[in-house]
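The structures come next, written out as structure tokens.
Next come two complexes built around chain A: one with chain B, the other with chain C.
On to the complex of A and B.
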């Protein structure tokens, strides 16, 4: 509330949660991000009731001229399937798998970081060294090794992302907790006989919220790229499920004739990842203390 | 130019003759705004003041009153959002408002220099201080590198930094806070500026270091004939070091005049309130209670019409005080008051406090015996945070733990509450030894009986939860109330007890002021119905007017509840006001303990004497004892001096015996103990010398 620091901006005396939302909505960055993400979410959710053609059934007639037309707005792929439908149905998988993977990874990572940061000592050393080992692995190699061994499926992609990203989330959480556990309100909680789990979940976790939500947003973006890469490497969801990365790969052979077949799914990936990144930036702005 | 200024200054140093002169700095009708995206905050609505050549002008006010903003405006550093909306700042005949960046650069550093509150952030951590100091004359005085370094060395000598040769090569982190601030002062003075802006220059420093830095500023000011604009919230500092002062409230000067005159006859109710709410050494809680100013400084957006102090003023009259365009009135020569009723209102008589009873119980509430805390440090050595600390506190008694930062008083607080574990020793409460029990090993009943009030209002409440959240949890965890309705009822009672409106209960901490948060923390501590409360600097982060209110409240509740309290503080005047008994600590060891009267009587440990001499009063008519200048800084607790710990800095050191032998414990009375080689009788004799005003002449010994 003091207004006398060297760079005083607005007073922060009254800023309830609603004002925070208003700030998010006022930021152009966040708005564009929110628009891109919600576009895909809405389209994916409505996919079954949209007047789309089948994403799996080929239109043999269209194969002669696969370019975008009135019948197929974005054209058809090399097997004659409607690209628009495949993109929209592909969004369903991406928007299911990416947030799910990140959610699981967040749960594991936050638990690791919380325990390491709060207890410190040998517990911290153990968890941190273990994380370092995983983080030192080239992520892509890690994915390929994992998926190639346990086979491609949604669950396995979730497991792979969790192993790859939980250590990073753990580090962020650990850093936050190291600072927060020194706060006097944590001491006050100990003096009223709160147990450790309560202190972690109720006193510490809510104060990590801002950073972790921003990080989750960014991670969803990265995970979408990862899922794309896995698809491109043929480690994505098994065919004939529409998979953005798989769509790029299938049409690489005809890239110099029909480039749109690869470019369109690439644009889809870019727009969704960009959406999550911009949203993360906007949230970061709004949460800035 | 500076030479001329200096000579002119000599002929008219203080007082009335200044009036005929052209002021060095003249601020007229200054209005400072901060323009954000959706609102404009007027930090300073209208300010006029002037600083004469060679004068020391004090700008006093509480946080948020706009005093630092004013200093920044003088330097033209208002950031991207701040602007001087109207008015003028003239320095030495030159207009600074609207001056080009080039013109400003020539003035800054060269003619106007600034000393900031936090020296660590004022110095560049990656460059040695010699290079940083030499930059100033090279930039402003156009001298060569070698000459600049020579000037830096000479200036370091002037700010009494020992061993100046090697000092130039050190980095800021290798210096203590007091040394860093000396470097910053040296840097500010290198270009021989005619005006020095000091923004709370000693706030982060320990009292004994503060005394040394202030004496240094006063001495250098006279030597270099520099004018000072001294910004502080501490009235005592201003009283001691300024010729004239202005009292600032919510962006306005409410009173201005010669320092002695204002303190002798404060006219504005805010000034009167400020003076009344500082504890002074001459009184304790039995002789007077601190008068608190109700309410808080209005935010710039919510300034009332007319007198800004109106809503907090006892003498407010609607229709008179809320008229716009209040003018400043002359209450005496050069004494301006912005109050329409100053003639009618008299300074409220200090009300003696009759309610306070001395603790009459004799039962010991807590006994500490030889409590020692060691932390492992590098190379197998250990850091002694506490060594063989022994003292007791009786039921319903307030025992103050006093000492500078690093003396181990906070560590002791953590051990007593169970946030840390003692390495050895005993703490007995209700016939149990709790010294080695941490909070999670303590039975609930024990946890409940020892509660703590923390220092920092910004971290005492969880920002994610409502203000009443932790009070409620405390009631539930200790099973003091059952059922939601009963708990809520109790929360309301507790909030009323700390004089907060119950509707604040659901506010988030960032919507509360520092004083309100600290009241919530007090309510939380008392919610558990403890028998012992450890208060770790509970008011040191608060503004003076709020401080008084919170201390008074704490004392009232403690009186009613008969709670024993360990009151940790570095503020001796406050301790004098609050405590029944005092324990003085230095480097983890108790140097002296006794009743308040005994410790403050003057026949005390040399360290206590030094602390006492650093207390600043505002009464211009009371003779001020000279500051005792301690040499050097507190040694590291890893390298504790053998013999007496205080020997390296003691002004009364006897000689070799102090360095080699641990001092004996001298009992002056049943309650008064001193750890010193000096004979009790001699301690007494010297006390007279301390009380008598004896001028500290020449260079005080400082390494």
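On to the complex of A and C.
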């Protein structure tokens, strides 16, 4: 008790963090990205209370004239279902499945990378070699083989995404951890006899945050494309669910009648993916050291 | 150097072994048997069981995997080609030789008769796409990397990000809508059939365009990041300060250094390109490798699937190796170690 520290307590660095966020708001690309993503999030969240037609009930009368009309703003699809409603309900699926898959993949990948980078030695070799094998597999082939064989469902898409992306995330995390574990604050934590889990979660993870968030945004975008591809290949979620990739696929049969039916779901996919990609770019620029 | 190559070669073999085992394991969970899919929905269960037995699909997984490996290495003859199996599977090369990928249940042909032609077609498609992606992305990458955050950089960056956000199936269907349906300039299918009334080059335009649209932006972004890094280095400042003109600085000093990192990324792209190729080939009914892979995995044709997987893994690992070797050639600092 007699010994009082003469060194003033370190104040937590709040200002740089706030400056970082302000820089994001000033970046035009990040703002456009944020707008696109939040647009779809809000629309998807409000889907049940918006005055929409049913996304699954066909309007048989409208099938003779599938073009946009007062009743169906974006027209109806080949089975007479309202395209606007299907797009918005499709956003719900995509915005549930893609972030969920990436979150699980991030958790697994970060754990792999942390362990490999922190312990090194044979653990690192084992994890890295295993990752190399998965990374040598072309990603889409991995998806198609997995989904075609274990069947399309939300859980299976999450599993496939985790297997396909965790090694890549692990590699990034490992690289970051290799650099960070030499830092003095890690040595200090070890000296305080903190346990390994504490060092990983409290000392290392927050310092990897920026890169990993950017990577997660890019991966969500890529996963949305992959879900679209699976839908397009006929491996999407089972039929009554509106599915953007599946909608593009269906529209190809009526391109001669109404050429732009395929454009509507395409624009939906592109705008959402673009949102995530621009957001990732803006965050990377804003958080650059 | 020899040790390095040997080590990589052994790694490659281990990777291929693991990958092939992985494919076998995943196919275990396949709903519906190959026999059922070959015979159609109206075959009786008895017929299905009989064919399963003839195809030896009822053996446990380790037995089938080691048999497949034995056949591939030419250690044992393919039992499915035995005349008494009653399957009528014949391979002109014989039943026992090194590199025997077995018999495709989907195409009713030896896998070796199917896969190499398909691979050649895809090589044409991917080669043409790559030949366009590389110069295009170098130009975009260098122009936007010259001055980070400048107006030109922002414009080109947004263009690149937008193009990488368009999935192949969307751009494919859109291009078909424009150039096949609304303005019939090009064929909507590219089956590489000269009798279809369209020349082979005209059949390649749209598939190549789709691949280029999706991939060039990504590569350009990589080159941009690398170029920015190089432009901040002291030797560039020195070159500018000693009065060299911009062109000399870019082509004499910056370019070679800026190309080192993207070189490996570019070769890793080949892996990425394969994914894109599957979708593109499906959209345009292109008789390529990607569609073979898709059809085989949907049908459960394990012999074709295994062969295709091994080829793609081999391509991926080889390009990584070429990437590392090229890295050494381009960057003398790595060679010293």
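Everything below uses one rule, namely that the second predicted complex is superposed on the first by the 274 of 289 C-alpha atoms of A that agree within 3 Å, B and C clash if a C-alpha of one lies under 4 Å from a C-alpha of the other, contacts with A are read in each partner's own complex, and residues count from 1 in each chain.
Criterion: a contact is a pair of C-beta atoms (placed from the backbone, for glycine too) under 8 Å apart; a residue touches a chain by one contact, two chains touch by 3 or more.
This is a predicted model, so every value here is computed, not measured.
Trainee: Please work out whether A:146 is in contact with chain B alone, chain C alone, both, or neither, and reply first, second, both or neither.
Mentor: second
Trainee: For A:260, using the defined touch cut-off, is the partner it touches chain B, chain C, both, or neither? Pick first, second, both or neither.
Mentor: second
Trainee: Of the partners chain B and chain C, which touch A:203 in the superposed model: first, second, both, neither?
Mentor: So A:203 only meets chain B here.
Trainee: Name the contact category of A:136: first (chain B only), second (chain C only), both, or neither.
Mentor: After superposing on A, A:136 lies in contact with chain C but is clear of chain B.
Trainee: With the two complexes superposed on chain A, say which partner A:183 touches: chain B (first), chain C (second), both, or neither.
Mentor: first
Trainee: Using the superposition described at the top, determine whether chain B or chain C touches more residues of chain A.
Mentor: C
Trainee: Between chain B (first) and chain C (second), which does A:192 come into contact with in this model arrangement: first, second, both, or neither?
Mentor: The first partner, chain B, only.
Trainee: Mind working out whether A:269 is in touch with chain B, chain C, both or neither, as first, second, both or neither?
Mentor: Touch status of A:269: second partner only.
Trainee: Tell me, which parts of chain A touch chain B in their complex?
Mentor: 1-16, 183-185, 187-194, 196, 202-203, 206-207, 209
Trainee: Can you check the complex and tell me which residues of chain C touch chain A?
Mentor: It is residues 11, 14-15, 18-19, 22-23, 26-27, 29-31, 154, 157-158, 161-162, 164-170, 173-174, 176-177, 181-182, 271-272, 274-276, 278-279, 282, 293-294, 297-298, 300, 305, 309, 312-313, 316-317, 320 of chain C that touch chain A.
Trainee: Along chain B, where are the residues that touch chain A in the complex?
Mentor: For chain B paired with chain A, touching residues are 34, 36, 38-39, 41, 43, 63-69, 72, 77, 79-82, 299-301, 417-419, 439-440, 444, 447-448, 450-452, 454-456, 459-465, 470, 473-474, 477-478, 508, 510-511, 513-514, 521, 524, 528.
Trainee: In the complex, go through chain A and note every residue touching chain C.
Mentor: My answer: residues 28-29, 129, 132-133, 135-141, 144-146, 148-151, 221, 225, 228-229, 232-233, 245, 248-249, 251-252, 255-256, 259-260, 262-263, 265-266, 269-270, 273-274, 277-278, 281.
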